[in-house]
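Structure first, commentary second.
Chains here go by letter, A, B and C, matching the order in which they are written, and residues are numbered from 1 within each.
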Amino acid sequence: MKFTVDQIAQLIQGTVDGDGSASISTFNKIEEGKTGSISFLANPKYESYLYQSEATAIIVAADLVLKEKPLATLIKVKDPYSAFTLLLQKYQEFTSVKEIGIQQPSYLAEDAKTGLNLYLGQFSSIGKGSTIGKDTYIAAHVTIGNKVSIGDNCVIYPGVVIYNDTVIGNNCTIHANAVIGSDGFGFAPQADGTFSTIPQLGNVVIEDGVSIGANATIDRATMGSTLIKKGVKIDNLVQIAHNVEVGANTAIAAQTGVSGSTKIGQNCLIGGQVGVAGHISIANKTIVTAQSGVTKTVRKEGQILGGTPASPNSEYLKRNALLRQLPDLLKRLES
Amino acid sequence: MKFTVDQIAQLIQGTVDGDGSASISTFNKIEEGKTGSISFLANPKYESYLYQSEATAIIVAADLVLKEKPLATLIKVKDPYSAFTLLLQKYQEFTSVKEIGIQQPSYLAEDAKTGLNLYLGQFSSIGKGSTIGKDTYIAAHVTIGNKVSIGDNCVIYPGVVIYNDTVIGNNCTIHANAVIGSDGFGFAPQADGTFSTIPQLGNVVIEDGVSIGANATIDRATMGSTLIKKGVKIDNLVQIAHNVEVGANTAIAAQTGVSGSTKIGQNCLIGGQVGVAGHISIANKTIVTAQSGVTKTVRKEGQILGGTPASPNSEYLKRNALLRQLPDLLKRLES
Amino acid sequence: MKFTVDQIAQLIQGTVDGDGSASISTFNKIEEGKTGSISFLANPKYESYLYQSEATAIIVAADLVLKEKPLATLIKVKDPYSAFTLLLQKYQEFTSVKEIGIQQPSYLAEDAKTGLNLYLGQFSSIGKGSTIGKDTYIAAHVTIGNKVSIGDNCVIYPGVVIYNDTVIGNNCTIHANAVIGSDGFGFAPQADGTFSTIPQLGNVVIEDGVSIGANATIDRATMGSTLIKKGVKIDNLVQIAHNVEVGANTAIAAQTGVSGSTKIGQNCLIGGQVGVAGHISIANKTIVTAQSGVTKTVRKEGQILGGTPASPNSEYLKRNALLRQLPDLLKRLES
């Protein structure tokens, strides 16, 4: 699939500086640009590559002041990163062919209801009383339990397991081998040191536009619902425990764990390998840096938190700096 | 399914204060109680909800002194949490219908032995020389290797992979996509910088009453067995390395990793995201708080440990407090 | 399968001290040695077991000075650990029977190309335009997407999901439920607080001799390739983000996460539960201790790093020691 620089400029509403008739057939990072590829410059850190890149075209900011003349044709736009993202999205739309139809062997319970244009891959199963919306793609080797509801235009990748009673909205993506609706870790300690299992009778509810990463796990509620609100993005290997609520448009990076009954606000950014304690809440727009441990309720919105136990990140960084100077400080004080 | 308050009180050996003929059809948390639901109060922190809750019945401690008159009928018991757990368990028993039978397509090796009342889901496979006990439920998409032994009354959820030679006792639960018996991470460094693979010839042995979480991994032993003793509860995404032994009735929370050849005692509680070094042992009844790193053998029983490297948690907390005061302390000392 | 001590000594080029005609049928750790088993002594810490072990034969260093006479026959070699590893490898070669053939039901796309001696397990699928080399073993329940290339002599365990466009070399092992080629976590924040999904159009390239652990996840590149170079060993539950490059013969222990676009050098050893920030590089032969967080580019080769943010491990240990003494130090200074 080939486009001219002019065609691309029109698509992303940019102006061309150079040869608009040049032909583009692929994408590249600016430092790896080759003839026939288009790239972009958003981070000033990479500006030096602009002048050396062999890419045929590079998307740049309209207000960029050039230090020398690049080899490439430029497409000038307001926001190069957004423009490039848009270009990738359009490319994906043009090139992806959505398959439909039910492959065999597969298992579809007699009373399951499926919408128009369903794709159901080989060796996948949909249990009793489940409902799947239209335009939804269920890859091979997916297990969907009983009384599950999945909305329209979702993509469920291979190996995903969705337990009974789970509810999933529209436009959701679930990556391979993620598990939705497994039992919460509920065990009541007994006098003799053994544990009694607390039945987990609730479910998981996932709203519209949610993305869940590979091998992530989201446990069902003991009672009620574990709730992932609209637009939430969850990365690979994340653990969401029973009865957690994650607010709209919050993003959670890989390998983070959220303990039971905790409520995370909306528009939060939680870094990778973060631990969040149980039965607390985190205010909207909180940013938690990677590997931190949030142990207490965060009431004030919009803070950046770091360290374990998490505190405002600036304090955490100060303490870390001080800690590095400590040997010298103590020597000086003792002398 | 409906019960009267009186029927429930009889089941959990409680006494009724209010309308014993009221009808109950569901469960709820005390703060979300609605007409027709039963709830419980165990944590005094939630007592204020007792007086506002619209639940039809609430289970409370017999010795609770009421500050005002609740709207709900009360059921008074010695231990509300245990009583409520029992109620959930009875409800699950009444409502769950255990399916039996071998679904098709599935694969059962000719020489595999299976007990009475087996359920084997679609697309599941049981390898050569394997033995499955009675009343065991193997969901769809489960892979059981060769010479595996699984006891009675187990539940194996979809996508679980059990490698050759694994031994699993009775009454075990293994959640979706967990992997049991994968090769230990054994590589001998060579003079030229490459690694030589050390064959992993041992297996995994899981005793009775063990629960294993979704996407957890338990590696086989290099020689001998990785051993998970009776009643152990392992949460989602936990890693148990080769030749580890976990003592009876120990619970390990999500995303914790235990390195090779380490021996954890019985009745321990290991928090989430904890790391345990290899070739050490941890005494019985040790509690390790979340995100800690245990780097050395713990000989004294019953300690609470925190931090990395883990020390008695009270010392860890003191150090943390001191660290927070450090900027001020140093200023004072320097002045 | 039985061998004499003499036969084993010949295989590992050792000399026998004791009864060379004794019969060996199994392996054991030195502390668990029993009649008929062979063991080894490499770590001086375990020397006391040498004199008590009931193993029939023990492999020891040729230069070991005995404190007393062991019960076992000794096989003296230059490097007992390597010799024992070799023995395990030979044993595995002798005893493992490699199955071949395509089991049913399974799915092999019409235009997929497969080499000699393929094993394809039940319920496994190989997508359109994919190519599998010779002597490769694909277990049951494996999903291989479209346009995937897998080399010769690989072993893919059950439940593995390999997304479209992935390239895997020869002699690779991928353990159960690992996911290769899932979308990178790419979301562009929008002015209204929602995220726009950045299409992930690249792939994953895995070179020869790589081993990947159970439930590990390796994301495809946004553009270009996420690259795992030859001889890399990746443990269970590791996360490798989009556009990461891992250098040859680097080993990464369980539950470690590497963020997007980071480049790890060759011959590095990364401990368990380590976090590595995005867009940085780590020099060759770097060792990172468990639970550390590497936040900045590491330029100097061959360092041992520890802590978060990671610094030379000796400094980290000193700071930790000082921190433990801090309460006393401050008391002394204040008095």
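Note that a contact is a pair of C-beta atoms (placed from the backbone, for glycine too) under 8 Å apart; a residue touches a chain by one contact, two chains touch by 3 or more.
Here's who's who by UniProt: A, B, C = UDP-3-O-acylglucosamine N-acyltransferase.
Nothing here was measured: the structure is a model prediction, and the numbers come from that model.
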{"item": "Type of chain B:chain C copy interface by residue overlap (half), same or different", "value": "different"}
{"item": "Superposition rotation for chain A onto chain B, Cα-based, multiple of 5°", "value": "120"}
{"item": "Mean-CA-position distance for chain C and chain B (Å)", "value": "27"}
{"item": "Touching two or more other chains - residues of chain A", "value": "105, 123, 141, 159, 177, 215, 237, 255, 273, 323, 333"}
{"item": "Chain B to chain C touching residues, read off their complex", "value": "105, 107, 123, 125, 141, 143, 159, 161, 163, 177, 179, 182-183, 185, 187-188, 193-199, 201, 215, 217, 219, 222-224, 237, 239, 241, 255, 257, 259, 273, 275, 277, 293, 308-309, 311, 315, 318-319, 322-323, 329, 333"}
{"item": "In the complex with chain A, residue positions of chain B that touch it", "value": "27-29, 32, 81-82, 85, 88-89, 91-92, 103, 105, 121-123, 139-141, 157-159, 173, 175-177, 209, 211, 213-215, 231, 233, 235-237, 248-249, 251, 253-255, 266-267, 272-273, 290-291, 320, 323-324, 326-327, 330, 333-334"}
